[in-house]
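Have a look at these structures, which come just after this line.
Here chain A shows up in two complexes: once beside chain B, once beside chain C.
Presenting the complex of A and B:
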């Protein structure tokens, strides 16, 4: 029943699209925005929500006549995960995507009363093109409401690694970020068509850029935390294609954000803003294509269906060609206001930031798509891993970090560096500090000292600015501070992590110079949809203190999959991380024990970065 | 002039990307190891089965002779099936059969050979299975036909009538 309502609401929502397009075109010549349009946009959102609720309801009641529910749920799955299962699959997640698309355009219309009417209508039209595309994709290739008969008694179950609180909210948050970029895309195209690229547009669109950037940051953070404790490798970023795919729009968004700051003040960098607005959404769509089509091998590849891939590919390129066409025909380049920047000014520093970001973006883009190109052209298969990204990105972090420290100190148009002495003093302090630290570690001295120095430099400078009297821009400073903290935590996490991998039987002891691991025993527990085997390990450190770690193996009933749950003891200084895995036909368990310093600071600093975005969102205007 | 070339180039580049993605869609993304290249045989050191002396692989495999390296085990049922073919091959004059006794107990293996006869000219023990890993073996039984220190034929699973004929043809 709920599925039926869901299906028909979807069809109604789809038909409303044409109504909206019809109304909008009719309205173009009038002077005021027709209320009919806002109502129909609301109804479209209403029906898509109804459709989404219909799917959620089918999941809650375990209605296995629905193919999506049958494939991704089971009666014994806890209700919370039944609900999250609704978007934990290809079809449902696309419906969620559509829901956010319609929600955002509705909000956009409500919140843009002060903007020119023609611009609003064009934004709506472009957004409707995207919405129609997704409706067709959903209904034609991946309907979440397919009926199966005879009705199965039991579903196939939800993949156990998705049965996790972080991953239950990860997709919706991430989608708010991805889909938010669609508004930026539509509104940039609309602004080009109506010749409305101006500082008032920049001020208006900045809120949307911030919104989608905040959600994207939080979404990536959640995914990363999940990977850390659920996948059992103890890392937080693997340069997996799907992670890269979320990083690319993130980089484009943050560059775009900096550009709009300039556009708000001066009529320059407009082509940057337009191209980046287009690129952000295109990259999000490109990500959808790469992940959903199965063209790449990834942990996250949902569905391996060439028909779907082909559809997204064609749709993606229609959007790309459309935006290129609009850009080339409608875009009028800057009215040659003083295009030459003074070298020491905020504009220049933002331009430098842009080029760095573009470099990072291209590295990630090439690393992610190069294997596809190579395979098609020479049928060789390669996989690009962390060494590639580390080698190409890390050296460039040094000037980037320094620029991040100095850039915000500059003024618009033309400036002198104030307090040069201070800046140099801080550089010397950070150099001394990092030399002192790195000298005591057994790692490559030169490169690491330089890296840590630049990170400390940004850290100290931004820290000092919190207490500065002339303190103006909290969100900017917090963001840069958060970034320095992130880099520092990642660096020290890398330098100081230790790992022990060993095989132990019950009652056996592993011993090395620094610690002893006793495998005391296992106990079993029965939960709603899995059996848990919990190991008990006592770790005795040389200093006399002991820890009890209880990693877990879960044997899920449906689908029959074993997952391992890490036991993590988190303190401000370090995480102790232990996983245990069973080895087939053997009595012993494979034990992995890691000590990972400053792990929590990686999460906290990323959270700080997105918090700074929120502060920026609620602040009235960017002043400087 | 410049402004006219730029859009044109852009469209061409994007079309090429489209075509490549389109082609990429049709490729399967299941990884398959490349076969067919002749690889040098791995060098290893192992104990002999009977005397438990330590032997180097270089001392066994001479350059211009054919060898059949057969991974076997007494607990492996298909090994019994292929045994008659190995006995058949052991009558070939220009082929030497080298056995690699995989994760086995010596007593069981000796009984196995006593019962079914010994086709091997030489047997190595691989009690922990590491040598089989170095050879890239998928399981037991598995056989590698070697010539001039190269693997010229790999037979996964037991040798049967077809592979027997194939081997005979190859060593002619």
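Presenting the complex of A and C:
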């Protein structure tokens, strides 16, 4: 029943698209925005929500006549994960895409009353093109409401690895970020058509850029935390293609955000802003394409279907050609007003930011897509791993961090560096501080000292600004501060992490110079849809301090998969992390014990970065 | 001769071009050095020489081939035509088991012995790495 409602609501929502397009075109010549349009956009959103709720309801009631539910649920799955299962699969997640698309355009219409009417209508039209594309995609290739008969008694179950609180909310948050960029795309095209790329447009679109960026940051953060404790590797970023595709729009968004700051002040960089707006959404779409088509070899790849990939690819090409066409045809080059600026100015520093961001973006883009091209061209199968990214990104972090510290201190158009002495003093302090720390560690001295110095420099300068500038530019300062904290935590996490991997039988002891791990035993527990095997390990450190770690293995009933749950003891200074794995038909358990310093600071600093976005969002205007 | 503005713009474009070329060069150079090739046991058999680069080997874990000691895990990867012995000390992913697909990353000692530094995790019981699937289908 719920499935039926869901299906028909989807069809109704689809038909409303044409109504909206019809009303919008009719309304173009009138002076006021027709209320009919806002109503129909609301109804479209309403019906898509209804359809989504229909799917969720089918999942809650375990209605296995619905193919999606049958494939991704089971009666014994806890209700919370039944609900999250609704978007934990291809069909459901696309419906969620569509829901967010319609939600955002509705919000856009409500929140853009002060904008020119023509611009609003064109934004709506472009957004409808995307929406129609997704409706067709959903209904034709991946309907979440397919009916199966005879009705199966039991579902195939939800992938246990998705049965986790962080991953339950990860997709919706990430999608708010991905799909949020669709508004930026539509609105940039609309602004080009109506020749409205101006400072007032920049001010207005900045809120949308921030929204999208905040959600994307939080989404990536959640995914990263999940990977940390659920995948059992103890890392937080693997340079996996699927992570990379979420990083690319993030980089594009943050570049765009900095550019709009310039556009807000002056009529320059206009074409660049438009190109970035288009690129952001295109990259989000590419992400969906790469993940869904399954051409990427990734630890995230789930079952997939080439036909769907092809559809997204074609749709992507249509959007790209449409935007290139609009850009070339309608775009009027900037009126040559006084658009020169001195080399030492905020404009220059933002250009430097753009340069670095574009460089990082190209590294990630090439590293992610190169294996695909190579396979097509030479049928060699390859993968590109962390060393590639580390080598290309880390050296450039140094000038990037320094520029992040100094850039915000510059003024528009022409600037002198104030307090030169202060800036140099801080550089010396950070240099001394990092030399002192790195000397005591057993790592490459030169490279790491330079790296840590630049990170400390940004850290100290932004920290000082919290006090000297009070709350002026709070969001900018907090973002840069958060970034320095993130880099510092990652660096020291890397320097100081230790790891022991060994195979133990019950009652055996592992011993090295610093600690002893006693495997005391295992105990079994039966849960709703899995059987837990909990190991008990007593770790005696040399100082006499002991820890009890209880990593867990979960044997799920349907599908029959074993997952491991890490036991993590978190403190402000470090995480102690332990996982246990059984090896088939063997008495040995594979044990991994890690000490990971400053883990929590990696999460906190990323949260600070997104918090800075929220502060920026609620503030009226950027001060200078 | 030219106005200051024209000169500036010219300078700017040159700068962009140079950095662009430099970064593309840097990226491609680094790609060459850091790419990890994927091979099946049969591919390895036909190699003319074993070099020191890191590679990935994929296939199925042969039935009854896993043996485990305190430090080491030994098993055999097969593509049902050729096989290779793998020795590994490190963390084992959950879905690693006999008769299932596996991808191991590491270094070739010789044509029948592979020293793995990493065994890759998978998320899905039915999931088979695309390379493994392709390698098996070729047979």
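By definition in this document, the second predicted complex is superposed on the first by the 616 of 624 C-alpha atoms of A that agree within 3 Å, B and C clash if a C-alpha of one lies under 4 Å from a C-alpha of the other, contacts with A are read in each partner's own complex, and residues count from 1 in each chain.
The criterion applied here is as follows: a contact is a pair of C-beta atoms (placed from the backbone, for glycine too) under 8 Å apart; a residue touches a chain by one contact, two chains touch by 3 or more.
On a predicted model such as this, the values are computed, not experimentally measured, just so you know.
Trainee: Considering only the touch criterion stated at the top, classify A:78 as touching first (chain B), second (chain C), both, or neither.
Mentor: neither
Trainee: Is A:152 touching anything from chain B or chain C once the two structures are fitted on A? First, second, both or neither.
Mentor: Once the two structures are laid over each other on A, A:152 reaches no partner at all.
Trainee: Regarding the shared-chain residue A:376, is it in contact with chain B (first), chain C (second), both, or neither?
Mentor: So A:376 only meets chain B here.
Trainee: Report for A:165: first if it touches chain B alone, second if chain C alone, otherwise both or neither.
Mentor: neither
Trainee: Who touches more of chain A, chain B or chain C?
Mentor: Looking at chain B versus chain C, the one contacting more residues of chain A is C.
Trainee: Under the stated touch criterion, which partner chain does A:320 make contact with: chain B (first), chain C (second), both, or neither?
Mentor: first
Trainee: Contact-wise, after the overlay, does A:355 reach chain B, chain C, both or neither (first, second, both, neither)?
Mentor: It touches chain C, and chain B stays clear.
Trainee: On the A-aligned overlay, A:521 touches which partner chain: chain B = first, chain C = second, or both, or neither?
Mentor: neither
Trainee: After the superposition on A, what does A:328 contact: first (chain B), second (chain C), both or neither?
Mentor: The answer is first: A:328 touches chain B but not chain C.
Trainee: A:399 in the overlay: touching chain B, chain C, both, or neither? Say first, second, both or neither.
Mentor: In the superposition, A:399 contacts neither chain B nor chain C.
Trainee: Starting from the residues of chain A touching chain B, keep only those that also touch chain C in the other complex, and list them.
Mentor: After superposing on chain A, chain A residues 294, 297, 301, 381 contact both chain B and chain C.
Trainee: Which of the residues in chain A come into contact with chain C in the complex?
Mentor: By the definition above, chain A touches chain C via 159, 161, 231-233, 294, 297, 299-303, 340, 355, 359, 362-363, 366-367, 370, 380-385, 387-388, 391-392, 501-504, 559-564, 579, 581, 583-586, 588, 590, 592.
Trainee: In the complex of these two chains, what residues of chain C are touching chain A?
Mentor: 5, 8, 19, 23-24, 26-28, 30-31, 34-38, 56, 66, 68-71, 73, 89-98, 120-127, 129-131, 134
Trainee: What residues of chain B sit close enough to touch chain A in their complex?
Mentor: Interface residues on the chain B side: 7, 10-11, 14, 18, 20-27, 29, 31.
Trainee: Quick one: in the complex, what on chain A touches chain B?
Mentor: By the definition above, chain A touches chain B via 289, 293-297, 301, 304, 306, 309-310, 313, 317, 320-321, 324, 328, 372-373, 375-377, 381.
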